[in-house]
Amino acid sequence: MGKVMPGPAEAVTGVGDGATVLIGGFGLAGMPVHLVDALIGLGVGDLTVVSNNAGNGDTGLAALLAAGRVRKVICSFPRQADSYVFDRLYRAGKIELEVVPQGNLAERMRAAGAGIGAFYCPTGVGTPLADGKETRTIDGREYVLEYPIHGDVALIGAHAGDPLGNLVYRKTARNFGPVMATAATVTVAQVTHLVAVGQLDPEAVVTPGIYVDRLVEVGR
Amino acid sequence: MTGTVEHPDRPPLDRDEMARVVARDIPDGAYVNLGIGQPTAVADHLDPARGIILHTENGMLGMGPPAVGDDVDPDLTNAGKQPVTELPGAAYFHHADSFAMMRGGHLDVCIMGAFQVSERGDLANWHTGAPDAIPAVGGAMDLAIGAKEVFVMMALFARDGTPKLVPRCTYPLTGLACVSRVYTELATFRVGPDGVRVVETFGTTVAELARRVPVIHRLA
Amino acid sequence: MGKVMPGPAEAVTGVGDGATVLIGGFGLAGMPVHLVDALIGLGVGDLTVVSNNAGNGDTGLAALLAAGRVRKVICSFPRQADSYVFDRLYRAGKIELEVVPQGNLAERMRAAGAGIGAFYCPTGVGTPLADGKETRTIDGREYVLEYPIHGDVALIGAHAGDPLGNLVYRKTARNFGPVMATAATVTVAQVTHLVAVGQLDPEAVVTPGIYVDRLVEVGR
Amino acid sequence: MTGTVEHPDRPPLDRDEMARVVARDIPDGAYVNLGIGQPTAVADHLDPARGIILHTENGMLGMGPPAVGDDVDPDLTNAGKQPVTELPGAAYFHHADSFAMMRGGHLDVCIMGAFQVSERGDLANWHTGAPDAIPAVGGAMDLAIGAKEVFVMMALFARDGTPKLVPRCTYPLTGLACVSRVYTELATFRVGPDGVRVVETFGTTVAELARRVPVIHRLA
């Protein structure tokens, strides 16, 4: 099928300067560290990164930020105990930040993957994060109009995958991976285990292979 | 842009040959939805080595051949509610996920029957408009706007002898400008913004077709 | 936890005249026949039923229709080889029909379950099923505004469930069950097998128990 | 409507006692989300026999106590990214499903900290508005509008001595009219369309509180 890549470098080939990159993970759980490292190695910059957080410690997304490759971060929760790389860049005015409520982040990517043009959402009504956005009252409740977030590429981490691209995740490391996989033009997955076709239970596949363009086994 | 191929001296395609011609035009590795009825037969002509994966809108990727005998399982059917089988690497999902996949533009090809196709690719295949008809749309409108390419299989002429490839559909529409190829017993066509182009004829010539079907023009 | 009911009759208690009832299944796969029979036994009428089809043969939804309890059917595909009960009622003017594209049916129920007030949808643009509906062009593509479908009660069928209400399905019988479970005030599931808490793989649960109010074991 | 209970002669609640009081007010069998920080401690006071099920927005129902020693698993964390455990009957889901659950109104209670709560239940807990602060909202806005009831745990007075229960929030809002109960070291409150009602005092009296906190009124 040609989806299985020999290594992370081959898996991220083709990502261009200025791309919008969806990066999975909630903190480090589900963060595709090997793919992000490969993206750093690729040398592209001016990226817009969509991820729940803005990097933890010095690995994964934090390393990408430290390398100066990111122009803008769209996330729900940048400020954390170990988000010092982002904090420093932000305070130095070297990175742009768009804060999006976590549910909107997820739902806007789902909309991108599901062909929804926009949706009326109850989150953020009356708050600064809805400033300037269109609102509408439906059945007596106020909603904010939210638009899809598409990615040029999604980098996600999964527990196991097969050569068709079917993926399963592990515990709360599932988080954003399945949603991001649907929302990008090209989806790349790092998997702890590559298994043969037929080894994943069809009832338990979380991301069907149609959403995965490339995958690479990275081990534990 | 290659020219039209005419086979005036052979008989028109029979149903099995039509299914084979359609199958030939599906790209290797494509994700494909086969509509109810005639398109189902396309599956018989897909060599497994080509890696084409079938989607059924009732919640499955990796659909296999019809089930017979002991393999019949009432919990495993295609969109036409006929018993089918599961191939290795299959995945099941619920209806909202199945249609998100479809409407989000992830399927490469869907194949449907039609009452009429217009020269700009409008599709009419869900309702005859007859006052006593019970309307039923199923997933046709979702497929029409969702799949990257919509292939139509139909007879070129209705029972009353009028062409089904028309300047403008007179039946209620399923989708606008969505059909890219039309397969009939007498000819295959590409449909697009530039109008209709005859790809291949069977038992007739373009000149003869053009006399009977006003929208047909031979492209330079 | 009190979710496990002794029988189908107890499971459907409280459904009132005029209720909107979401009924799972794609044809008979996933159809909660025991719950529908219990609903017939309850004697309530003037129901609005939301289901993909309008009954097959003489069991399940078809039996409910035959008993004269349904005022209106909202579905995608009423007309089938064995939908004679519905066909007769419809032609006699004894039942109202609203045809909704299958993907809209699923997505509108998902919206009800997910707190979405309305959404812009690409399906049906330019067709009679979008007549009178609000449209909007977003990024050059036209969309139709669609609203949620809430149920007073959802009746669904699943393969196995635990006393917390966690459910798994079997093959394409999964279809509408997981979506409907999220979209109703009260969700009732008939399960083939009731298993102990802890017997379902947390990675493979399709409907988490939060969506299920009552369940009843019905066996094969 | 019972009257206020005053305990002027006992000390104010310590953090552990506050968590216990909150735990007592959660209905048996409720689905509950515990916010980051202080609310986490509520879990320590939930008797398993009460059947209360914890949701964590990073994709899990049935979250167990914090993980220690060999049970620590980087793939299993709570919303604060602390290692936790899984209880029998748990279920994992992705972020869009997790927030659909939240925003669709399926959680019974969420418990969050706050900078300010207004007398009509407006919540401010995501941003101090300070120019050098890095804004981070996470799931707070989704929880605020999604849970059936929002309980707030906070100190009654800010460090500068001003009350945090206010006529109108001066900090940027998280959600409008969403808080139903407030738990502080000196008193617990119900908040609603009729304003603030003191439920219980600890180490003080309603009269004394009313002098220091202008929005407090004793209801008849």
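Going by the order they are written in, the chains are A, B, C and D; count residues from 1 in each one.
Heads up, the rule we're going with is that a contact is a pair of C-beta atoms (placed from the backbone, for glycine too) under 8 Å apart; a residue touches a chain by one contact, two chains touch by 3 or more.
The model shown is predicted, which means the values in this text are computed figures rather than measured ones.
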>> Just to be sure I understand the contacts, which chains border both chain B and chain A?
In response: C
> So what's the Cα centroid distance for chain B and chain C, whole Å?
Replying inline: 29
>> I'd like to verify one number: the distance from the centre of chain B to the centre of chain D, where each centre is the average of its C-alpha atoms, in whole angstrom.
In response: 55
>> What's the distance between the Cα centroids of chain C and chain D, rounded to whole Å?
In response: 35
> Which chain B residues reach two or more other chains?
Replying inline: 86, 92-93, 99-100, 103, 145-146
> Mind pulling the chain A residues that touch 2 or more other chains?
Replying inline: 107, 110, 114-116, 121-122, 169-171, 203, 206
>> Building nodes from the protein chains and edges from chain pairs that touch, which of line, ring, star, complete or other describes the result?
In response: other
> Among the chains present, which pairs are found to touch?
Replying inline: A-B, A-C, A-D, B-C, C-D
>> For a test of understanding, state which residues of chain A touch chain B in their complex under the given definition.
In response: 1-2, 110, 112-116, 162, 164, 166, 182, 197-198, 200, 202-203, 205, 208-211
>> Touching residues of chain D toward chain A in the complex: what are they?
In response: 56-60, 73-77, 81, 86, 92-96, 98-100, 102-103, 122, 127, 132, 134-142, 145-146, 172-176
>> Help me check something: in the complex, which residues belonging to chain D touch chain C?
In response: 29, 31, 51, 53, 55, 60-62, 86, 88-93, 99-101, 103-107, 145-146
> Considering the complex alone, what residue numbers of chain A touch chain D?
Replying inline: 26-30, 52, 56, 76-80, 86-87, 90-91, 97, 99-107, 109-110, 121-129, 159, 169-179, 206
> Across the complex, what residues on chain C touch chain A?
Replying inline: 107, 111, 114-122, 136, 138-139, 141, 143, 147, 168-171, 201, 203-204
